[in-house]
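There are two complexes below, and they share subunit A, which is joined by subunit B in the first and by subunit C in the second.
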Partner chain A sequence: MSLEAVQPMQEQDSLSFSPARVWVIATNTMTEVIRQKVLYVFILFGLALCGASSFFTQFSFNEELKSIIDTCLAAIKLLTALIAVVGTAMLLPSEIENRTIYTILTKPVYRIEFLLGKVAGMSLLLFFVTIVMSVLFGAVLLLDEKALVSHALQGTSLLQASDPVKQTINAIYAQTRNPNLIKAIFLLYAQAVLLVSMTMMVSTFATSSLFSIIIMLVIYMCAPLATIANEVWKSQPSILGRVGLMFISFCIPDLSSMTLVDDVVAGKHVLMSYVLSTTGYAALYTLVVFALGAFIFQEKEL
Partner chain B sequence: MWSRCWWKVLLVVLIFSPVKVLWEGDIHKLARASGLFSAGFNMDMRGKITQDLAVAVLGGFRGIVTDFIWLAAHSNWEKREWFRMKPKLDTVVLLQPHFLDYWDIGAWHMAWNISYDASVNTAEPREAFRLKEQRYWIDEGEKFLREAIANNPDSWQLYFKLGWLLEEKKQDYKQAVEYFTKAAEFKEAPLYVRRQVPHALRKGRMNKEALAQWRKIWNGPRDGEYVHELWDVVEQEMRKLEVELKVPYSERAFPKNTYTNVLTSPVPEPAAKSKPKKTDKK
Partner chain C sequence: MYAVETKDLTKHFRIGLKRKVIALDHLNLKINEGEVYGLLGPNGSGKSTTLKLILGLHQPTEGEATVFGRSSETVVSRLHVGLLPENPYFYRYLNGEETLRFYGKLCRVTGPALERKIDEILELVGLSQSRHRRLAGYSKGMLQRIGLGQAMIHDPKLLLLDEPTAGVDPEGSIDIRNLIIKLKKMGKTVILCSHLLSQVQDVCDRISILRYGKKVLEGNVKELLSKKDQFQFIASGLSEQDKRAVEELISRSGKLESTSHPTSTLEDLYMESVGGTKII
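On to the complex of A and B.
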């Protein structure tokens, strides 16, 4: 880590919170994760998934485009979630194992700054991964759009095309140039950042990265059931069952509200107010979970 | 570690929990208002898919799982394995109930393709059984579309498809008209949907109502998208019905015309007044 940003602060009597130090830790974290080979395996897996969309070319254009959108959005969701969980879970244990954490924390750096830097670094990395995957997704979609439109036109120009052909082309454009796709990808990114914060919180008290990964994968898999748990909780007659479901409902974030893949594929319109509300929820959850992690990390004996 | 910070953690959890629950309720309300994520994970789903697939669905691969089950159903269709195909179609629409093509194509397979195959099945020599089988698949197709409408009440396509099935396969014109009318009420429905209403009325021998519908279309707007209405078809149908119903000339939309061959060809323009023939006076 570059020490230029850290050194001058030693001369001050009372150390204030410094975004510059957080930024240094964040950029270093990003570099550190980029060097992990596991990241490339995930990215290759994501690219392979995007390429698998050619399975459905024998069907109607609607089904073909649906399969591409399904596959690419699932790839973005899974890839960002895996990087968020696995990448973050390995950060603190590797710092402790390599003893680099001691050299950092003996310098005038608050533990909260260290933790925030780690979360910010992972979020930044996920941002770039999401952008790369989205560009790839857009390219696959545009290529398919071009092929489908030229197939629909069958050599004629758009001006000469009959009304049914124009309708088909409009239907293709409605699927491929759907602004709701961007909203869905944005919410997937918000979900990934939330997972980063949660994994960081878990890894502040976990004894190994494997423990954090398993816990987080369980939470990730249970998240779609949170809505059911919430509904059952309200109608549960037994107190024990009620408390148990209440606990699940409180502990597991509502990740399904950030996954709009099915709705976008079905052509539903995603309201901006919905995106803002869900983003606010994700941001608050991220903040709260980060605060919990900071409290635990503050008291952790290293 | 915990002994020193447990109270802080507990305090944050206690403050945040009600906020979380309330905010989630708000998000769900907003989602319901805009028809989002109504296809959650439910127990019916678990009964129809294997554990591996359930894990894939929970892991965010619902769309891909659905696509592959759809592929498998298509493969069954190609092999004419109808009774293997049907449960797969049910699973597909259970997983993604808002993708209309699944409902539409599934119902079309049942009511048109499979029912026809059943009616000409050479393996079954008894005609009564063939007809029974044919009727069974038409009914299945109808049930499938009714379920589709229950899941997607805001799409005109499904009302139109059900109307089409009732008209073509069951000759239930009264109900067909009902569904075509519902489809035509949607703003985004194309023009041919509203023309289908009088067509079905005529097929059901409700000629007066059919003429009233054609008149409604004829007297309606002609600008914007209505420019593309097949006005010649509308005119032709109105002429036919006015003749058939013996509408008094004064009430007809086209009173000046002659009425010969009107049922088979478009009526020609009124003939120009013929000039008196010149006679050669010698």
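On to the complex of A and C.
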């Protein structure tokens, strides 16, 4: 048995930022969360919720579809936010407790690569969770659509159907094949990524995962405040009031702009420009919060 | 250039608002390339803290450490370093092979070279049979072995081993000792923290003993342990008669096998230097 050199040793004077290392850490983070199996409990819960919603038959097709959309979107919103906050809050403390962080950071790995890998892994995982839930949501909707349409037709074919029946069927399609649903889910995902980044930032200085979760809970509950602050700071007469409100809207992300569940259920149309500007806001907020977290982590004593 | 050099390396830990612990106090070390260097000392004397400072896991309160001439605070200084931390735990959800693959990829070892290296290292640390088992089910000694494996995955020039034999069975202990000797033959530098004095005595070229974060003794193991002012004769085939007057007669009637300085054990030396130290 010999210990031969893997590659000729080169004297390097610098080490550049490496996306490959970030990717290694990201995939490892996904493996971690997936193999911990907590995720399955969450997903099963979501599946059950979506599945169950299709059994609530309502008085009218309109009510029925609304309740399904409402339940499913709410499930996606809750689950992604929960996984984002709870999952991310556990990452750093468990690394520190298990001392795995020592072995990683004593390899030629930048701290920012480590943190980015963690955030990217979690975001990627949430992407899959969102896709899985959306596919299920779509399946529930399509099944229900089929049932409702055949009920409306009552044995006749679509070509022979009377105008009122055609109108009903079109109304059903308007609900189930609504592009606003996809926009809403997309923004929920953007919110989840923002929450991941923010939780990671908090956990760089938090003393435990519980601490991070509680802080994030407070931020989550105060989010409506940010929406109000965002709207009224310009009309504040005093400078102090303005600065105070600006501070609030800076510290607390405007999450309600990303959760359009109620609007979509109420049948409001979501403009593409709105989606773009909100995504831009979310991306910028995510980036700033990440940068802050990376800065704190850089100085952290391990 | 030294493999590791520390200049007045000092580390204070704040505990609470006012109190602080002086974990390391103006430590100066110069460790040559290719040397096996032992760090000894009672519990809490600052051995692990020294290693962490050398690897940039802690920032020094004062002074500095360099690795192959590069400041410990830079990431490039870690290119050729492997650490086995004390009581290592790894990702419980990975198996032995996946663990090594993960660390290998982090060090940009990839492809067939990585797979070859993984096989080689699993063989070397004696875990070939358990390569597909999750680390959650590994025993303490097995974790220690996989820890040693991940420290060597990128073939570093410098290895820092914090109590590598803690929890390892006697045979494994001997394997690790032999491995260290092999590493030395390959020209690697090894810094070893250990409480197993006989092992340190066997493998280390030089040692230093720490106490309350200060270096109280440093030197070449052989020189430290030999008693210069005394002589020792090993004689055989001495007649009964001559035995009585042995001091004068050895060279006349017996055959002089060897003369040397008697050596004390490292244990004696250690107890002399730091015996009775209270843990603070």
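Keep in mind that, in the parts below, the second predicted complex is superposed on the first by the 267 of 302 C-alpha atoms of A that agree within 3 Å, B and C clash if a C-alpha of one lies under 4 Å from a C-alpha of the other, contacts with A are read in each partner's own complex, and residues count from 1 in each chain.
Operating definition for what follows: a contact is a pair of C-beta atoms (placed from the backbone, for glycine too) under 8 Å apart; a residue touches a chain by one contact, two chains touch by 3 or more.
These figures come from a predicted structure and were not determined experimentally.
For the composite obtained by overlaying on subunit A, subunit B and subunit C can both be accommodated side by side without a clash.
Between subunit B and subunit C, B touches the greater number of residues of subunit A.
When the two complexes are overlaid on their common chain A, residue A:208 makes contact with neither subunit B nor subunit C. Applying the stated contact rule after C-alpha superposition, one finds that A:105 touches subunit C and leaves subunit B untouched.
Of the two partner chains placed by superposition, A:150 touches none, neither subunit B nor subunit C.
In the superposed model, A:256 makes contact with subunit B only, not with subunit C. Of note, the Cα-centre angle with subunit A at its vertex and subunit B and subunit C at its ends comes out at 170 degrees, rounded to the nearest 10.
After overlaying the two complexes on the shared chain, residue contacts for A:20 are found with subunit C alone; subunit B is out of touch. Applying the stated contact rule after C-alpha superposition, one finds that A:36 touches subunit C and leaves subunit B untouched. Contact with subunit C, but none with subunit B, is seen for A:28 once the two complexes are overlaid on the shared chain.
By the document's definition of touching, of the two partners only subunit C reaches A:302; subunit B does not. Aligning both complexes on chain A leaves subunit B and subunit C separated at their closest CA atoms by 10 Å. Taken together, the two structures place residues 301 of subunit A in contact with subunit B in one case and with subunit C in the other. Those residues of subunit B lying in contact with subunit A across their complex are 1-2, 4-5, 8-9, 12-13, 16-17, 19-21, 23-24, 26-28, 30-31, 34-37, 39-42, 55, 57-64, 66-67, 70-71, 74, 96, 98-101, 105, 190, 228.
Residues of subunit C touching subunit A in their complex: 52, 55-59, 75-76, 78-83, 85, 87-94, 102-103, 105-109, 113-114, 117, 120, 123-124, 147, 150-152, 154-155, 157, 182-183, 186.
Of all residues in subunit A, those touching subunit C in their complex are 1-3, 5-7, 9, 12-15, 18, 20-21, 24-25, 28, 31-32, 35-36, 98-100, 102-110, 301-302. On subunit A, the positions that touch subunit B within their shared complex are 55-56, 59-60, 62-63, 66-67, 69-71, 73-74, 77-78, 81, 163, 167, 205, 220-222, 224-225, 227-228, 230, 249-250, 253-254, 256-257, 259-263, 265-271, 273-274, 277-278, 280-281, 284-285, 288, 291-292, 295-296, 298-301.
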